[in-house]
Each structure stands twice: as structure tokens, then as C-alpha cells.
Amino acid sequence: MQGEVIATRRVGAYHHLTIVAPGVAELARPGQFAALAVGGPTTGNLLRRSFSIHKVSPSGTYGGTLDLVIAAKGPGTEWLAALRAHDAVDVVAPLGRPFPLPTEPVATVLVGGGYGSAPLFWLADVLRERGCTVEMVLGAASEDRLFGVVEARRAADGVTVTTDDGSAGHKGWVSDVLPEVFERTGAAVAYACGPMGMLQSVTRVAGEHGAVAQVAVEEAMACGVGVCMTCVMPVRDKAGVTKMVRSCVEGPVFRGDRIRWEAFHDGVCGVPADAVGAPRVGGH
Amino acid sequence: MQGEVIATRRVGAYHHLTIVAPGVAELARPGQFAALAVGGPTTGNLLRRSFSIHKVSPSGTYGGTLDLVIAAKGPGTEWLAALRAHDAVDVVAPLGRPFPLPTEPVATVLVGGGYGSAPLFWLADVLRERGCTVEMVLGAASEDRLFGVVEARRAADGVTVTTDDGSAGHKGWVSDVLPEVFERTGAAVAYACGPMGMLQSVTRVAGEHGAVAQVAVEEAMACGVGVCMTCVMPVRDKAGVTKMVRSCVEGPVFRGDRIRWEAFHDGVCGVPADAVGAPRVGGH
Amino acid sequence: MRRARRRGRRPEGGWPLMTVDLSVTLSGRTLPNPVMTASGCAANGRELHRFFDVSQLGAFVTKTVMMDPRSGRGTPRMAETASGMLNSIGLQGPGIHAFVEQDLPWLKSVGARVLVSIAGNTAGEFADVAKVLADSDAFDCVVGVEVNISCPNVANRGLVFACDPLSSAKVIALVREQLPRDVPMFAKLTPDVTDIVTIADAAVKAGATGLTMINTLLGMVIDTDRLRPHLGGITGGLSGPSIRPVAVRALWQVTAAMRDGRFQTVPLIGVGGVRSGRDALELIAAGASAVQVGTATFNDPTAPQRVLTELEALAESHGVARLTELVGVAHEKMVIP
Amino acid sequence: MRRARRRGRRPEGGWPLMTVDLSVTLSGRTLPNPVMTASGCAANGRELHRFFDVSQLGAFVTKTVMMDPRSGRGTPRMAETASGMLNSIGLQGPGIHAFVEQDLPWLKSVGARVLVSIAGNTAGEFADVAKVLADSDAFDCVVGVEVNISCPNVANRGLVFACDPLSSAKVIALVREQLPRDVPMFAKLTPDVTDIVTIADAAVKAGATGLTMINTLLGMVIDTDRLRPHLGGITGGLSGPSIRPVAVRALWQVTAAMRDGRFQTVPLIGVGGVRSGRDALELIAAGASAVQVGTATFNDPTAPQRVLTELEALAESHGVARLTELVGVAHEKMVIP
């Protein structure tokens, strides 16, 4: 769908875009994402770029809008970051499965790493509407890579900040402060979005505290709509059977304890030997 | 060189761009061209697009500027036509050989087809500075494809307009009115820029009236700077020997009577059998 | 750009009916139009059906299916390249049994005409897959079988069937035996050979009723930060607009050979870099009777449908009554100056 | 973007001297850096010298020269493609005699190190061209001969020498006889073969002291308005960033074969789609000791020089003392999860 950028602003190391995208806002739920085409009509970059939906406004002055938070790191994100108001941008959204919401009003912890916090404020609002308490933990490499600390104070009942270099909040990782947060809040569910290492440690700490972790993963995606099979990762199903599942349509949110974390290593992910259809020794 | 668009406006079917390009204005002469990169950093269109320099201003408010007239017909020209003020554009200029100027103050005829008239007004000014009289003939398919009729009245001593459909001036081709213009002005030199068919007829009519035709050709160019050998055409040298010469560095302006017009046919150009190194029968 | 023009019947009293007959007959099966998905670029239908009705396409081409379920390779499985991409999926799939039980019936239920892409680790496995398919309940929605003898991702001792005329012929002959005689069978060729005409010749002589060209080119990307191969599978298949000139050339060469009588004339399905109706027309003018849209679907999920709409408009602008008039037309329009 | 960073000696008392040693020795000749022009993409030097000093490059590679003057083909000779272009120049050139009298002395006069690209219609003609070159006055500026056995534009009954190991070996062996023993000789290979390792093997066994990979891919573009082949020569050579994954793959395969001991290890020159220092590093990490910049020069006439500057900065950022440490490095850095 053809959208139009109506506002763009820098936030720390990130670019915050507001895009008019009628129809999207009504359907979207926290944890879903948008896939944007980049580079305009002459582009040599054909693949869409995926971004968590930061928030939606079903009925703004301009019709429904969609907010994204973009870290410029390569040609596509740089192009998006350079967009100006009134530029056109091609958006497919909402995509993927949202964060599952608890049916009871429970205590929750929301953990965001870097721009991974983007979808969490909207999630926090939805959780609090349902009577849940919301504790937030935001971590990043440095202060400029934190996103939404001010917004977090509005959206959450309590906020903890960590940075690797100590430039803001606690010096260290979110996993350093998480045990204390779980103990203090007695949270039953953790929601997390950020780098894989962080998602793994949130899953571990949640498990240690008897909580369920719902994590939104980020795997390189070519299509975002389930047709290319590039975005797979090894995930156990309810029956405990591991399959290489598409994170764009069966994710990006998975139960953390279903993900085969041990298969990930230094930017690559192997196929566990017990996965369905895994290569046999000497086989494919 | 990195230039910056400072003004862009629609003129009939064309887009008129003014680009800040320091250093270019001082060196450029009428008949030379500029080669522009298109599509920005993510582009899949690698080859530069060439445009006659319409005019230059060595010392504007912004430093030297360069004006181009662009007909949007494909991805590159469409991208250029969509540029806005303050957009960056990569320009290599000035390129090619300019129109040779007469050493004596003689009568001249300047013939432009479509956007081919773009370089002629500047040429007219230079010729008149040298005491030449300038008669202009502008032709196009229809009125909106004429460029610079008003400017022509300022720049030339007389102006004749033709359109194929009669929507402005005489209905017909420039070659229909040219004999009368040569007879009336007694011109010794014709300068022409436009489609190949038009350049050929200007050459023929000039010859019939004892005048020399200097024509600026348009052959598909990949580099514009003489390194790719894509822009060649069969041209006789002074000794009458035909070679496949590069129109970007040895042209774009050639003496019309040196071009082997008979080799051009329906958008392709063959190698005349008597050209240096022409394929032998059964050979390459 | 991505809003589909209403196809089919035009409003009464509306603009003149200049509809071009888009139908095409491939080895006895008539399809309403020549535009298809490309194997592995559209999954098995459900995903794209959210964006457009897949039964509107000439045919729906399924992801290559093998005998057993396959996990495919680890990740990264893809790298973006200039105007294209590299993939190394490793033929992930549910296996032919799950395919005929779940995917094929669904495609049939929505009215799609299906070209089923099959492969095997051995020539015998190709035949076994074909047999399960031919015996399946929903087989009547199948308008043909595409035999993927060219996938460079299968690490079958590095060999690709379609790199060798004999191996190609063997697979084709064995699969032919398992399929009812009237079922069209297309051999899908790789461009990574010295002479594609020889392979085409071998496949046709062995019983292929048509050819699909081209599969991806073998390529590789290196991650210059980590200084190691970007893909888990090291090499991968290059696809997208960047390879279109290679597809056009392959179609041209094989069409020219058939026109010269070097072997029997069979219909060609063109694939490689089609993103617009104009791209599709390029492949058709080179000799393709039908055209598949692959990587472009990742850029625009409605691409196959859009290509069809654009192709129809272009054919109209060329003033032909039937699209088939344009098949191979460039072979007749050369200017020798 | 196109303003060249000052290279060479850094200002005294300026920023820390972290210079990477960029020099590379190719078959006995040491070049100050590994960046070259690509044959046919830089003419014979004068044109680019207006944009930067061509003697700054590791070597200047000349347009392939044959025995006699050649007009090349008619036009159109080129078509733009997605992230690349198609060309069919037809080896236009002045002939080897004019080349050694005019072009080579000029290159020598500006201090360029020259890799001279030669070709012939027959194996014997290659040798004749080499002989004229070896006997010429300015031959001392020649750091090697690149034997273009792979040009797909020469309509020599459609045959390309480098598609066949025997023809390749014959040309190489005959040229070798005409060149002084210490003159490096690179065979330039086409990727349009089923197995490039076999051709590389044949060329090295026949006496090539190195290999240049890759030449253009055979491709074709059809003009969809006129419905005829876009190029006068019908097919043409595909080049540019679009083909880089194929170049990386070819370099990788041949490097892997040499590391496996399948044939003697010789230096490789990488070419295909290099537009930035990062692209150059990709080819180097795959196994290239030097890198040529071709089509990118049409986009940016300073591209070879800019690639060099960017490559130096990248090598610095990887913390190596010598660029040669990065040659083939990706073969050692694979992660098998």
C-alpha cells in the first residue's frame, strides 16, 4: 500500500517516522510489524525492510497513521531515515503475530533492547487497560541508543534503565537487573524485544522465576509475508517437535522457551539434528 | 562533482533545472553537455544521462550555475524531473566539443528540434557578440514540445516555428521552411541540434545552399567521457577516411557533411563497409 | 501502483472492448493467461491469496517438493544483492505426502490451476515423487509438472542434474513414466552451463513437453565485516531483475535452436527477473509462451497479478488480438543494417 | 564523494601512521596497490587521466587489442540493465601496431604500470599480437599481459575460447612462447561455463601465471517497443554490480580448488561489479590478489581511485598490516554451526 510520510524526527540515534497508512491502524496489534519498500522507483534494493510498529492512530487528522522507529545501519534504513514529510513510501502492514495478551490481570515485565523498546509502550497501554501492572526495563549500548525512556515513565508503573557503558541508568545488561525486577513484581509474563542474546537471557531469567517469556525476534527477512522461507528459526511446537518455522508469519513473537537458542551462534543458526527433515549425516 | 538543484520548473513538456555546479560555468561553451548520475545512492540505474547545457551563469548568488532542459522519457529522466530544490545531483561537466564559432561575422541559422533548441540561445548570444546575424528555426511535434520560443525572439534576429501538427507556427517540418530561410539570410553556417532525421535534412539543405552544417548529435552514451566506446558513429575525417568515432569526446558536434547518414536506419547504425577495420565478409 | 485494475468484463456502455485474448495452450492444457508464480517464491498459495485471488493467474507454481519433509538449511539463508538476491533455502518443504494431502487440495479448492514443481536427490526419487503426485486425489487441478533438475542449493555432492545432458535425460525419462501421458511436463533448466541448448535438447528428447528457463545462477556474497561467506550454505542462487538479461538470452538461444529445427519445438516458460509487464513481454518476445514472477513478489506481494494487468495493457498497445502472436516475435524483427 | 583523499605520505605530526601495506606481488612484479582498471572500461588511459593520475593505480589495464584495427560493431552497442549494463562493442581498437606506437608510450610517459589485454581471432593471432607487443619499445612499462580468451562479443562462429579447456590451453601455450619468461601472463576467463575450475586448471597448466575472473556474462535485452533485440549484435556482455555474486563465486571456487591442491596456486585478479572498496574487499576475501574496476567507472570516472582509497580505509579498520593478509581470508573463517 502506498503510504505518505507526514512527520519525521530524530530521537537519539534513531529516526521516528509517522506514516499515513489508512486501514492499517484499525487492524494492527502490539508486536506486529510493517514491511517497507526502499529506494523509490529506480532502486537496486528490492527486498522490503521490516520494522516493529511503534504505535498506531486509527483516526488522525490525516486518516490512520503508523509510527516506526528506525536505526539507520544500511542502504535501506538510511534511505528511510532520509525521507522527508510528504514523501511516498510503500508499506505492507500489519504483518506477523502480535504479543499474546494475558486473560487475567497479572503483573508483567516489558524488556526492550535498543530500538526493541519501540513496540512496548503501546503494549503497555493495552496491558494496563486490561488491569495488568507493567514494569519496564530498557537497555542499550549507550544513552543515545535507548529509545523512549520518557515515554516509559508515562506508560509503565516502574522503569529501570541499563546501558553497557553506564552513560544512563545502571551500567550493565538488562539481565543483571531482571532477577530483582521479577522478584519485586512477581511478574507472570515477560514481554521482550531486542537482540537475540537479550531475548535468550530474558527467557532464562523468566524461567528461573516461573514466568513465561514472549519474545519478538528479528531474523533477516526477504518478503515479510511468508513466501520466501528465508526468515526461519528452529522452534518447538506444543508437542515438543522442532521445526524450522517462518518468523514473519508464525512469529515474530514466540514463547521464549520454545526457541532452540543453542542453535544460534555468532550470527548464524544451524538446524538442530532432531528438527523435522534435518539433513541426515551424508545427506542433503 | 556533487551539485545542488536550486530551481526546477516545468516548461511545456519539459523540466528546466538550475544546478549549482561551481567551476563548470567558467569552462563551458555552447554545444557541450553535462552527464548526470541518476537515482541516488540505492539506484539500480548506473549509467549517466547526458544533457546539452542550456546556459551557464559563472557567478550567481549561489556560485556558478548550470541550466538543463529535460524531457522525462525513462527512469533516469523521470527521476531528474522529480528532483526538488536543494536535492543533490552528481554532475560531470562540461563534456564534449562545443560548436565551432566562425572567425568572421557571418549570417547563421540555428535549428532546434524539440528540446534540441536548449543549447542554441546561449550559442546565439555568443554568435551575436561576434557580430554574426542569427536566424532561428524551432520545430517540434506539437506546441508543448517546442522549447524557448519566447527566448528565441530575444536571442535571434528572426524566428520561424514549425510543428508537425500545426499547433504552433507552420505545419510541417523544419526542412520545409529551411530553404526559404537560407535564401533570405544567405547564411554561411547552420547550427543544429535535435533528432537525427532533422540533422540530416539540415545538412542536406545547408549543402544545397552552399552553407556548412554543424550538428550536435545524440547517440546512446554509457559513460560520456570517452572510455566505453558505446556512443560511436561513422564519421569521415578530413582525409575522407570513415572511422567509428566516439560522439562524446570527438562530438557531440560534427560537421554534418562528415557524418555517414546512410548508415543510420530505424534506430540502428551499421558500420559502412569502407570504414577502418570494418568487419570483413565472413569476418568478425 | 498496487491497486489492481479490475479485469474481465468491462462496464457496459464503457470504453471500447479491445480485449486481447491472453489464453495460452501449453502442451495441450489451455490457461486463461500466461502469468504464473515462480517455484519457491510464492510458497503454496495461502500466503499470497491474502493479497490477490491466486486462481486469476494462468497457473500457480508450487515450491519444489521432494519425497520427505526437509528442514532446509540454517540461516542466514539470503543476502540482498544489486537488483537481486541470493538464496540458499535448501528446498525446505513438507514432503510430497503432506503436500498432496494439504497443499494441493487447498489450491484446488480455490480454483487454481497448479504446476507442481518436484525434485529428488536421485533420479529414482524424482520418479517416486511424481508417482505419489499422480496418484493423489486433487491431481485434476494439476495442469503440469515442473521437474526442477536445476536447483543449485541441493548439496547433492555439489552436482546439479541440469548441468549434464545425460543426468537430465534420465530424470525426465523416469518421471515421464510415472505421469499420465497427457500431463504436461516441463524441465526446469539452470543457466550455469556452457551450452544450454544441449541440455534443452536432451530434456526434450527424453520426453519433456516443455522447458522452464531459468533457475537461479550460482553466486556468492561475502560478509565484509565478518570476512566470511554471508550464507550458511556458502554459495546460493542469484535471482531478480539483475539476471533478466541471462534469462532472455537463454530463451532466445533455445527458441532459435528449435526454429532452426535442431530439435522438436516445445513451449517455453520464461522466468528470471520479471518485475513488470514490460519485463514479461521481453521474455515472451524472446520465445516464452508463459512467464513466471519470482523475486519481484518479495518486493510487491501483488506482483504476479500486477504483471498480468500490465502485460495485458501492453499487448493491447501493440495492437494484437492474441498474446500468442507476440511469442518469439523478436526473432522475426531483426534489423540488419 | 568524488574528491580524492590525499594518499601517500601523511602530514608530519599529523594523525597516527596506521598505513596498511597495500603492495601486492603478482607473478614476480610488485605493484604498489591491488586496484586496476578493467579492460575496455578505461580506454587506454588518456581519458581517465583528466580525472585522476592513472599512475596511482596498481596497474592500468588496456582495452583488448587485436592484430588489425577494428571498427567494432554498429549501434546500439549498449543497453542499461538492472544494476548493470549489456555491451556489444565488438573489440573496437586501433590494432597492436598503433597501440605500441601511440598508446603504450603515452602510458609509460605518465608512469603507469600497464597490464596489456590482447586477443585474436585464432590462437595464432593471439601469439602474433603478443610478439609485436614484446618487441615494442615501451614494453618495459608492461607488468603483465592479460590474455582475453573470453570475450563473448567476438562473433568468431559464436565460439569463445574460454568455453573449452583445449582451446584455452592452446592460446595460452602459444602466447607464452612469444613472451619473455619473466613476464606475467593472466588468462581472462568467462563465467559462462559449466565448470570454471576445469578451464582455470587448463590455463594454468598451459602456462598462465595467473587468472583474471570474470569477463561479462552472455546476456540479451529486447526492446519492448520495437519488439526486436536492443543491441545491433543481438547478444552482449552483462557487467556491473548485478554480476558481482557470480564473480565472487568463481573466485571462491578456483581458490578452493587451488587450496585443495587440484592445480598449482597462482594469483587471481578479481573483476566483476566492483563499485566500492567494500566490493573490492569482497573479491579479495574470496581469493583475489588484485581487483579491477570496470562498469562502475561509467557511473563515476574516478571510481578506480575512489575504490583504492576506500579499500585502504577498510583494510585499516580490519587492523591488518598488509592487505595481502586478507586475500582469500573468507576460506578460513567459515562458521559451521
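As written, the chains take the letters A, B, C and D, and residue 1 is the first residue of each chain.
Methods note: contacts are C-beta pairs under 8 Å (C-beta built on N, C-alpha and C of every residue); 3 or more make two chains touch, one makes a residue touch a chain.
All values derive from a computational prediction rather than experimental measurement.
**Q** State the pair with the higher C-beta contact count; candidates are A-C and B-C.
**A** Comparing A-C with B-C, the pair joined by more C-beta contacts is A-C.
**Q** Quick one: report the Å distance separating subunit A from subunit B, using the average Cα coordinate of each chain.
**A** Roughly 55 Å, centre to centre.
**Q** Roughly how far is subunit C from subunit D, going centre to centre by Cα mean, in whole Å?
**A** Taking the average C-alpha coordinate of subunit C and of subunit D, the gap between them is 35 Å.
**Q** For subunit B and subunit C, let me know how many angstrom lie between their CA-based centres, rounded off.
**A** Between these chains, centre-to-centre, one finds 45 Å.
**Q** Scan subunit B for residues touching two or more other chains and write them down.
**A** Within subunit B, the residues that touch at least two other chains are 44-45, 263, 267-270.
**Q** Multi-chain contacts only, two chains or more: what residues does subunit D have there?
**A** Where subunit D meets two or more other chains at a single residue, that happens at 74, 82-84, 226, 232, 240-241, 335, 337.
**Q** Looking at which chains touch, is this a line, ring, star, complete or other?
**A** Topology of the interface graph: complete, with all chain pairs in contact.
**Q** Going by the contact rule at the top, pick out the subunit B residues touching subunit D in the complex.
**A** 1-2, 37, 44-48, 90, 92, 219-220, 222-223, 225-233, 243-244, 249, 263, 267-271, 275-279, 283-284
**Q** In the complex of these two chains, what residues of subunit C are touching subunit D?
**A** Residue list for subunit C touching subunit D: 74, 81-84, 86, 163, 192-195, 217-222, 224, 226-229, 232, 234-236, 238, 240-246, 248-249, 252, 273, 278, 281-282, 285-286, 314, 318, 326, 329-330, 333-335, 337.
**Q** Going by the contact rule at the top, pick out the subunit C residues touching subunit B in the complex.
**A** Against subunit B, the touching part of subunit C is residues 82-83, 241, 335-337.
**Q** Going by the contact rule at the top, pick out the subunit B residues touching subunit C in the complex.
**A** So the residues of subunit B touching subunit C come out as 44, 263-270.
**Q** Under the definition above, what is the set of subunit C residues touching subunit A in their complex?
**A** Where subunit C meets subunit A, its residues are 1-2, 40-43, 47-48, 50-51, 63, 68-78, 80, 82-85, 87, 89-93, 95, 121, 154-156, 226, 232, 240-241, 295-301.
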